[in-house]
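Note that the chains are named A, B, C and D in the order they appear, and that numbering of residues resets to 1 at the start of each chain.
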Amino acid sequence: MNIIEEGQAPLFMNPDPDKAREFFRKKPRAMTDKRMTEKEAVDMFIPDGCYLAIGGFGANRIPTAILHEILRARRRNLGFLGHTSTHDFQLLCAGNCLKKVDVAYIIGLEARGLSPNARRVMESGEVEVCEWTNYALCVRLRAAAEGVSFGIARSMLGTDTLKMSGAKVIECPFTGKRFVALPAVWPDVAVIHVHESDIYGNCHIRGISVADLELARAAKRVIITAERLVDGYAIRINPTRTVIPFYLVDAVIEVPFGSYPGNMAYEYFSDEQHLAQWLKVEKDTDEFQRFLDKYIYNVSSFEEYLELCGGIKKLKELRKLEALVDR
Amino acid sequence: MNIIEEGQAPLFMNPDPDKAREFFRKKPRAMTDKRMTEKEAVDMFIPDGCYLAIGGFGANRIPTAILHEILRARRRNLGFLGHTSTHDFQLLCAGNCLKKVDVAYIIGLEARGLSPNARRVMESGEVEVCEWTNYALCVRLRAAAEGVSFGIARSMLGTDTLKMSGAKVIECPFTGKRFVALPAVWPDVAVIHVHESDIYGNCHIRGISVADLELARAAKRVIITAERLVDGYAIRINPTRTVIPFYLVDAVIEVPFGSYPGNMAYEYFSDEQHLAQWLKVEKDTDEFQRFLDKYIYNVSSFEEYLELCGGIKKLKELRKLEALVDR
Amino acid sequence: MMTSAYNKIEMMICTAARFLEDGTTVAVGTGAPCAAAMLAQKVNAPNLVIIFEAGGLAPLLPQMPISVGDSRTFFRGIMAAGMNEMMTTCCRGLVDYAFLGGAQIDKYGNINSTVIGDYYKPKVRFPGSGGANDFASFCWQTMIIAVHNQTRFVEKVDFVTSPGYLTGPGAREAAGLPAGTGPHKIITDLAVMGFHPESKEMMVESIHQGVELQDVLQNTGFRPIISESVKTTPPPSDTELKVLREEVDPGRYIIGRQ
Amino acid sequence: MMTSAYNKIEMMICTAARFLEDGTTVAVGTGAPCAAAMLAQKVNAPNLVIIFEAGGLAPLLPQMPISVGDSRTFFRGIMAAGMNEMMTTCCRGLVDYAFLGGAQIDKYGNINSTVIGDYYKPKVRFPGSGGANDFASFCWQTMIIAVHNQTRFVEKVDFVTSPGYLTGPGAREAAGLPAGTGPHKIITDLAVMGFHPESKEMMVESIHQGVELQDVLQNTGFRPIISESVKTTPPPSDTELKVLREEVDPGRYIIGRQ
């Protein structure tokens, strides 16, 4: 295979589909009750040094409860895959959890501005970076989901993004045209927040699925947090709606308001005040540490965090702000 | 690009994504009323010699009304793409419409047996064949839908199916492993039967989508037949359900019972008596011709065909047989 | 347990069904494989996850599907997806068994479902691969269900539609197929055959009650290896037969084909 | 028509919105591009199909999204899909415009949103491509909306995150990018710039009312080509301003950034 050009960043994960197949061969297929606590899921499936990917899109449909638990468990040296990662990335930077990251969008929180702390972390040089684009990462996950070692696209051609990536430029055997070969990536673990799951891990998502369908299929382990658990019959009565089937899933945790302070379509809007507070306190490292202690480290559960942030009154306000709540 | 092995069949369609992009650049994006008759759609979008693909799966969710219209319009020299194509292929063979076919499953009607006439046609040598597998054809459509010239898979390796295909074996630039490069295919026109569409072509499908989501995105023109037209609001109120957006679609035709004699999930089961009659009459060419005259050529509309087949009484029976009808 | 009278097809399907372990995944082809998977789900493998190439996943089959894409294939299913979803699930290594039929099968378990005779001037044209080649390439263990006769079981198939062990040991790997995959069992109306661990040639492992080794050899177009410990396949149980006849195939689509 | 007082950001967004023709498709980035697209949909292009990279398609935007993945991006939308769906729609050539921002932009329309300074020891780290590189590669015409100053408009960007005309005429094609694509317009708070048809260098085409050519040149870190027929960009209309202030950005997220 002629390689015309290639990125100079290291690949953090092995793109060999047969290695992944060996893992999946042994993954249990029986429909068993997979409920556990956030702590159990992090203990069991997110060890130090593992390669993690988070579902949703930055501060939309994110599994906040598991992210907080990762911080409390003082996880270190994690790998990370993030297309548009915003509050999730900000949290993992706050916990100094990261070692090497495959990313397309970091540090920022979109229209809200940039995270001073995440920026400090990423400018420190202590975290290895491999650059991609949102679509390139989507193709990498898709290739893994397809059980092959690479996918092709025309992203990154001609740019420095390509130079600082782990991609290779090849020629099409039919047309001779150039394409970017993107190596498949099988994350060790993915954490995805959904609207509904049964106890086996069969999931429904309302609204956009971002890259989570590809991610759930690419990841070796999948932790699901769900706004609500539903009976298995709710799955079987309308199988067209199932987007993640049980055999991909290793843990199921019911976490109402689980995407807070992020947005959850059809449920509640993001808490812009709380997210703005993050950006503000991050400017001062001492203040930031007190903030983290108050909201994460000295907190024993996600419910306690929700209470600290304003409890039911706040959540009712966010529900009112959500354009898609059925009224 | 090193090519390790390649199939010896000709490619019927150009896999250059830039040719397809030029077409799509000019395709209108405005939401306009696309309703027309079966006849208008066939006149406008299915000329002699064009390359056609049919949605659904053989005798499940097929656009029978358009297939009949193609026969009545005496279309000739069509190209055809069929993964598991059964009654649709049988119809096109009955009309002698085909010249070159990219196929994975033809001639048969699954558990029902083989079509004597389709077999005669395919054994005559008058139709050029390129062999693929169901997944290989799915990958070819998917590659087109992704705007690239090929996709990769591990199908067909080591087999004569590969030898009689248009695929090429290449090596992965990351792992050195072998993969089959499958050329993208942009059909000139796809015809897909769906449960619901609005007048602009925004579609819902209940149950399995087979390879139709890829097909709708790969095809240059898309003709939709729908069990029922719905108001545009029915689309916008639940955008998660939309599987084909309007800008892919060129024609919308409301055809209740449009998959008859095939199965339409949640609506009606297949008419096994009528399909068995096809297999029986095909044994005798004269009898077959009379059968085709009666049911297709001397018929002026799909409603007339439904009446000939037993009308409302028959359709009520098929509705009873459909396991998925909400009762 | 008393055993009722049964025909050869019933014997074949009941035997095949027993090879499906509970809590496993199986991709099934149309016809007899589908009947066997449904029987297994109702008798010995209630948590069997049946995968249909058109998109149906883990239905609670109300009746045997006529098509692997009809609405029964996702009746009270876990998911009604599409071809890409089900095929890529196989590609990733999540599917334990492929359960297939075939017009011709050779000693290496290669399957022909395309043509008999010359490809360009075929004596007989068959449907082609459908999804069979994909399943036989990606699923961990391929099982074939087919009626035993000399025209079906041949030394070398006219056309390799779906890969068995191809030309013998190492050939699958050399071709680039995923490691560790290949034909596992052939279940016919006369016997069960596996493959010799070294030579990868077909090997008679068990002969159905009432069938003689001679019957198997006479109906096989090549000389299969005979296992040193050939067993007798136990006949169908009353439960198996009852479920097969009353629930799986009351229309006798498959079991009526004698 | 009498025109109210307006600020530079309002001028920029109203000007940008006018470039979106009705019945076209546009992929938008976060912030100002999103505001401009929403304004266009409400004023001059009611059938504008807005595409969000996270999966939202053609919403009837109730308010300006804060994130290109928040629930407003598919409020009464035509489809709520995923990233793959929206990006491949761009890949296939179905998307007319990309509407982006950028930290640095050079004379060939290359965009830097990754780092200022050396890549490994950056002075400033920015978010990176997100979906911008993809949009700038696949959409037919890329438009950039950005506040005009010397640090942003530079001769050569420190890092090409998203492709403009790269090193000049023919470079996109040579790199393998789809034919016929590239930067189309740059809309700032001072002017509208296009690209010279031959040299592919940035070219001042219209200067906003009340702004002098000198202001544009002083705020540009390189010498842009000046079109032979430089126009004056008309100011925002009352309707544009009213809709922008009351419907698009009542929270003044974008238009309040002076």
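Following the convention adopted for this analysis, a residue touches a chain if its C-beta (ideal position, glycine included) is under 8 Å from a C-beta of that chain, and two chains touch if they have at least 3 such contacts.
Fair warning: this is a prediction, and the values are worked out from it, not measured in the lab.
J.: Give me the step distance from subunit A to subunit D, shortest route via touching chains only.
T.: Between subunit A and subunit D, the shortest chain-hopping route counts 1.
J.: Per the definition at the top, count C-beta pairs in contact and tell me whether B-D or B-C has more.
T.: More C-beta contacts join the chains of B-C.
J.: At what distance in angstrom does the C-alpha mean of subunit D lie from that of subunit B?
T.: 40
J.: Centroid from C-alpha atoms only, then distance subunit C to subunit D, rounded to Å. What do you get?
T.: Here subunit C and subunit D have centroids separated by 58 Å.
J.: What's the distance between the Cα centroids of subunit A and subunit B, rounded to whole Å?
T.: 37
J.: What whole-number Å value describes the gap between the mean CA coordinates of subunit B and subunit C?
T.: Spacing between the chain centres: roughly 28 Å.
J.: Which subunit D residues touch at least two other chains?
T.: 74, 80-81, 91, 138, 178
J.: Listing for subunit A: what residues touch at least two other chains?
T.: 17-18, 146-148, 153-154, 177, 179, 206-207, 239-240
J.: Taking the touch definition from the header, please name the shape of the chain graph: line, ring, star, complete or other.
T.: Basically it's none of the tidy shapes, so other.
J.: Among the chains present, which pairs are found to touch?
T.: Inter-chain contacts occur between A-B, A-C, A-D, B-C, B-D.
J.: For the complex, give me every residue of subunit A touching subunit D.
T.: Subunit A residues touching subunit D: 56-60, 83-84, 86, 103-108, 110-112, 114, 119, 122-123, 125, 131-136, 138, 142, 153-161, 164, 169, 177-179, 206-214, 263-266, 269-270, 272, 322-324.
J.: In their shared complex, at which residues does subunit A touch subunit C?
T.: Within the complex, subunit A touches subunit C at residues 17-18, 20-25, 27-31, 144-148, 202, 217, 235-237, 239-240, 242, 245-247.
J.: Looking at the complex, which residues from subunit A come into contact with subunit B?
T.: On the subunit A side, the touching residues are 1-3, 11, 15-18, 146-154, 168, 170-177, 179, 181, 183, 205-207, 239-240.
J.: Using the touch definition from the top, list the residues of subunit D that touch subunit B in their complex.
T.: Answer in residue numbers: 22-25, 47, 49, 57-58, 60, 74, 76-81, 88-94, 96, 138, 140, 178-180.
J.: Can you name the residues of subunit D that touch subunit A in the complex?
T.: By the definition above, subunit D touches subunit A via 30-31, 34, 53-56, 62-75, 80-84, 87, 91, 110, 114, 119-122, 124-134, 137-138, 159-163, 166, 171-172, 174-178, 253-254.
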